[in-house]
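Two complexes come next, and they have one chain in common, chain A, joined by chain B in the first and chain C in the second.
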Partner chain A sequence: MSLKDLISPFYVWQRAFEKPYTQKRPIEDRPGAPRYRGFHMNSEDCIGCGTCETICQNHAIDMVPVEGLEQRSGDSGLRPRFDYGRCCWCALCVDICTTRSLRMSNHYAWITEDPDAFHFTAGTDAMPWNQNSLGYRRDDDYHLLVHERIDMQALGAEESVAGFDEVMKGYTEEQAVLEADRCVECGICVATCPAHMAIPDYIRAVRQRDYEAGLRLLYETNPFSSTCGRICTHRCETVCVMGYQGDPIAIRWLKRAIVDRVPAERYREILGDEVVENGRKVGVIGAGPGGMSAAYYLRRQGYAVTVYESQARAGGMLRYGVPSYRLPDDQLDKDLEYIRSLGVEVKFNTHIGRDVPFRQLIEDYDALFLAVGLNQPSALRIQGEEHPRVLSGLQVLDDVASGRDPGVGSKVAVIGGGNVAMDAARVSRRLGADVTVLYRRRIEDMPADPEEIHESQAEGCKLVQQAIPVEIKNAASTSQVTIVWGEAEMIADDKGGRPRPVLQEDRMHEETYDCIIAAIGQGGQLDFIPAEYRDRIEFKWNKFVPGEYQQTGLPKLFVGGDIANSRADAISAIEDGHHAARGIHRFLTGTLDG
Partner chain B sequence: MHTVDEILDFAIEREQQAADFYSNLAERANSAWMKEMLLGFSKEEMRHKGKLKSVKLGDRLLNADQHVQDLKIADYLVDVEPAEDISLQDALIVAMKREKAAYRLYSDMARAIDDPELKTMFLGLAQEEAKHKLYFEVQYDDQIMRDN
Partner chain C sequence: MANPIELLQRFGKNFAISEIHEQKADLTFFKVPKEQAVRLLRELRDDAGYTHLAFLTNIDWIEKGIFTLTYMLHNYDARHSLGMHVDLERDNAEMQSIHGLWAQAATYQRELREMYGIRFPGSPRLDEDFCLEGWDQIPPMRKEFDTAAFSLERFYSREGRGTEDPREHMKGLLYPTHTDEPSSGGQ
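Showing the complex of A and B:
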């Protein structure tokens, strides 16, 4: 061994007095780049659609319930939970986020001794990076989703007012597939649809051009799909996640796209409805959407169903209150005839109370479903209302649906802002009249469908808002009528309801018309129910208050439709009928208390 | 000269009369929901009566200066007769017009009197009636003029 070898270990010590070559704190935080893809952040705009979970290629995201967050219309109540053992930081979740609530911070260091800690629910769990203003955001001009709706061919305003042809022409197959392709299948819409239709599933059926599967899905919850494909109030679209950054999916039109491609003759074969009689019989009062929906689902369960209808044709307000340019008769008949083809008997021109006592129905049937709708127009109750040139909106629509001339003349004022008012106005335009709509509130407060309001304006109806009718007077000509109306100031409602109009007596107007069509609302008529029964039924204001499964205090009696719900639209009546059918089946099989 | 207690007794009696009016009408009504409705109106009047009784025992009326919104619906609707086949619409009109008449009565009495304590009492009662009228006008707006 050389001397050098012997003393070399001591050379090391001279290094002990030099500056270190290594960093003293190698893991000291260093800021990430401004657009670094760090830990996720989620804002309160998140509605839990789960599109981030769907697109994540590594299954690093699970949608989970969050304590204190309730499920509500348009919000699933779930939020994305991240597993950072799986996340590859690709940011697809951020790029696809429908509400742009999901972002990434530029924070990248998370040190803990707990190996299970790297799961967290973005936006909910308290994390140091939650308020981070830097990190990855989707660029404004970068879109993974198609935000523009595929337009549907429609008659122009001039063509439209020339007759009663259907305005909307339906999607071509290619258009329907393109529109269906925009859907992210989040299912947020399902909870908002009163009938809870399988919307993402039937949209997928459109995408796959599998209309038979689509029809089966529609009929699980809605036997009026041809009708609803045209005139549904489409509450589903109001919560569609695609509406946050663009147009909501045309869910209603896609429903129509299915039924338009399946001929009525093939319904039975496709739906496979086989009726096995069960020996029980159920009566239904009213052949509108509620009554016929109940009839359909009861018949499928094997009940002998008889429907009592006061009018000459089935359909209720769909027939007599919705003009053919929105819902052609043959399309309503397509739905109704299929229901009747299963053996549902309809007794037309039969008034309960007058032609058949209510007591007899209660005694003769194992159960009864009542859905008579709201068919009594509310009176204006202002001075001079009895003038012969004051017509009811419902009567005008009934006349037109029945092929009679309502005789509106050439200058018409319509009072009201609901669908009946809009349809009375549009029908009058088609009959050649100049039309002015007087509405007490503002256009944005109108209960009519926005499409109806827009189309009525496009067709030339003049909308006067904040106009309160106060008196009807004789005009110089007996074939005319004069209305006095005052301007309204809107005041906020303390309880968060619609703003309320208040008459300004110093701003009055007077105008003469050939007729005034009143369409301010409708009520029901239930005088046919004898006192011995009605005393056992709960009412609030002018409506039934049904219990579980639409059952009333009279155990055999189930109720639904406009006379028993606050929404007063076809899809809600259809759901009431379906729900009551389930209730009646439970009642008659002993699983629902009577 | 009337005392505050006498005025309150008068107002309490009026509320009782109103409650009786609706319950009598309910008995004669031939439709189920109208019976329910009118009995509800009667209960509402009894609630008002209860409130006035508690004022007599020391509770406070509405402040005479407190603003109660007047929707003026009762002003432009025609008078209707409370018949046996009365509808919801007409029942609401009857109710709002009765409350309006009561409001006017107390307002007129307040104007006609000099005693500041009694004037305040009448104005407070008028405000109470204005509030009751507003309740029926709001119901009319919501239930009858849904599409208007």
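Showing the complex of A and C:
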């Protein structure tokens, strides 16, 4: 052993008083690179879809309720909580985030003695990096999701206005699979769908080309799937998470993609046709979507169901209010015929109150479901509206649906901005008329579906916004009519409501048309219910206010559809019918009182 | 030095070079068939100044059924890097070893054997564990390896974990009665 070997251990002591190379943490901070993948941040744009949780390969993310955050349509109220014992900082959660709310800060060093502190809800728990402006976020040109909707073949405006052929042609199988492939299956849409359809599940069935499974899923909540696959108001698509960065999934068209691929003859084999009679009978008033939906679900449970319909055909507003270029008759019949094939009896041309007294129904049946809809056109409430050349939008649509000529002439004004107004305008275009639509608010305020507004314009209907009808007068010819209307200014509402149109009396117009079609809304007609019963039922503005399970103050009477809800669309009526069927079953099996 | 594109075009007379792509001023990628790869690496090292093997890695294209090996070379004089892509069949993937060209390649090849299951016959210590001691699963960087399932099965969860499905959560709070009871049939 040399002297050096003996002394060398003591050399290290010479450094004992030098400044150490070790960095003092956490006192001295060393910031991460601008795009460093550090602790997660989440903005208030998050809607709790859980796609980050789904893609996480390490099971590091849980979706948890956050105190003070309410779930609502389009937001689950859940937020991602990260377990940093599992996170590997791969950032797939950031890359996939549907709303781009999830990011990473460039904060990478955090020291605490409590290991459980590394388990928190990003964005809502107070963390020191929540306000960081740096850190990783997805590049604009890098996408894990497909943002563009697969287009559907449609008739051109010129072709479509030439007749009553269906405008939208439906997806091919390949198109449907590609569109279905865009869905992240978060299920946020299910709460918004009035019927709470199993949307992600049936989209998966499309992706797997399993149309039988798809049809069974559709019928769990909606026996009008061919119809709704075409004309549903698709509230689901308004909350679809894919809509945040691109186009929402074409949920409505994918529903249609299933029913278009299953022929009507196969429905009973796929859905099962065994009905075990339970010996009880239920009456239904109105063979529209609400009444027939209730009939379907009641029949499935073994009830003998009789439907009373005042018209000659079933379908209600779907038959008489929706033109065939949007919903061909044979498609509506496909839905209706299947329901009837299960043994649901429909008595046509039967008016309750005139042909059969209401009292008799309420006494004869174990329970009654009423969904008579809104079929009385609302009055314009202006001078001269009883002029014979003022037609109602509903009447025009009814005439066309029934094969009669509504006689609109060649120059038509339509008053209103809802779907009935748009349909009346488009029908008039198809009958060869020059069409002007007068609407009192702005086009963006129109309650009609955006597609309908867009297509009516493409087909040559002229939309005049902020136009208030003032008076209707006789024209020089008795086959014509003159309308006086004034321009409106939109005035902000002090109380926070939507802007109000105010007539500008110095800007009045006068124009003569072959007819004026009034389509500003509909009301109900309930005179057939005797006063002794009416007194026990709650109404508001001539509509029913149903209780739990659509039941009324008359325990045997359940109600639904446009006459009993504010949404007044087919899918809401369908759910009312389904929900009333649940209620009637509970009522008659003793788990729901009167 | 000639510019990299011209260089690759010159080598292209003897090698089937394709997919030349200038990623940025100091980095160019290209592809060459498996059989020509090692001969080309030697020429790039000895005749074109790409003396340094910066790394060797792999990309798994499971849908296409191929692996793409990436050899990253650097030329210190030109301050330029070349990324050479080589496609292999994904099943029973095997590649000629380059530990004779760069000794440190043996370590990368050992790692690729462990992470993807690629064989490099003759490479030193190829079958020794690299960083996965006692690994008993399929190689973990292969895309068919289910990381989440493995992690759930192998490790216990931190206390206090628990998740909610958005759809079921919303159903329970927003429309609890709008759901069918199990059918009671014809009672």
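Please note the rule applied: the second predicted complex is superposed on the first by the 559 of 594 C-alpha atoms of A that agree within 3 Å, B and C clash if a C-alpha of one lies under 4 Å from a C-alpha of the other, contacts with A are read in each partner's own complex, and residues count from 1 in each chain.
Just so it is clear, a residue touches a chain if its C-beta (ideal position, glycine included) is under 8 Å from a C-beta of that chain, and two chains touch if they have at least 3 such contacts.
Only a predicted model underlies this, so the values are computations on that prediction, with no experimental measurement involved.
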Combined model on chain A where chain B meets chain C, clash or fit: fit
Partner chain(s) touched by A:Q71 [first = chain B, second = chain C, both, neither]: second
First, second, both or neither for A:C236, with chain B first and chain C second: neither
Which of chain B and chain C A:L318 touches, first, second, both or neither: neither
Chain B versus chain C as contact partner of A:V276, first or second or both or neither: second
Touched partner set for A:T589, first chain B, second chain C, both or neither: second
Chain B versus chain C as contact partner of A:I537, first or second or both or neither: first
Distance of closest approach, chain C and chain B, by C-alpha atoms in Å: 26
Shared chain A surface residues [contacts with chain B and with chain C]: none
Residue ranges of chain C in contact with chain A within the complex: 147-148, 151-152, 155, 157-167, 169-171, 173-175, 177-181, 183-187
Residues of chain B defined as touching chain A within the complex: 30-33, 36-37, 69-72, 75-78, 80, 87-90, 93, 138-139, 141-148
Sites on chain A touched by chain C in the complex: 48-50, 53, 56-59, 61-65, 71-73, 76-78, 83, 85-86, 116, 119, 186-188, 190-191, 196, 200, 220, 276-278, 300-302, 548-549, 575, 579, 582, 589
Footprint of chain B on chain A - complex, ascending: 378-379, 381-383, 385, 415-421, 439-441, 447-448, 468, 470-471, 491, 497, 500-503, 519-523, 526-527, 529, 531, 534-535, 537-543, 568
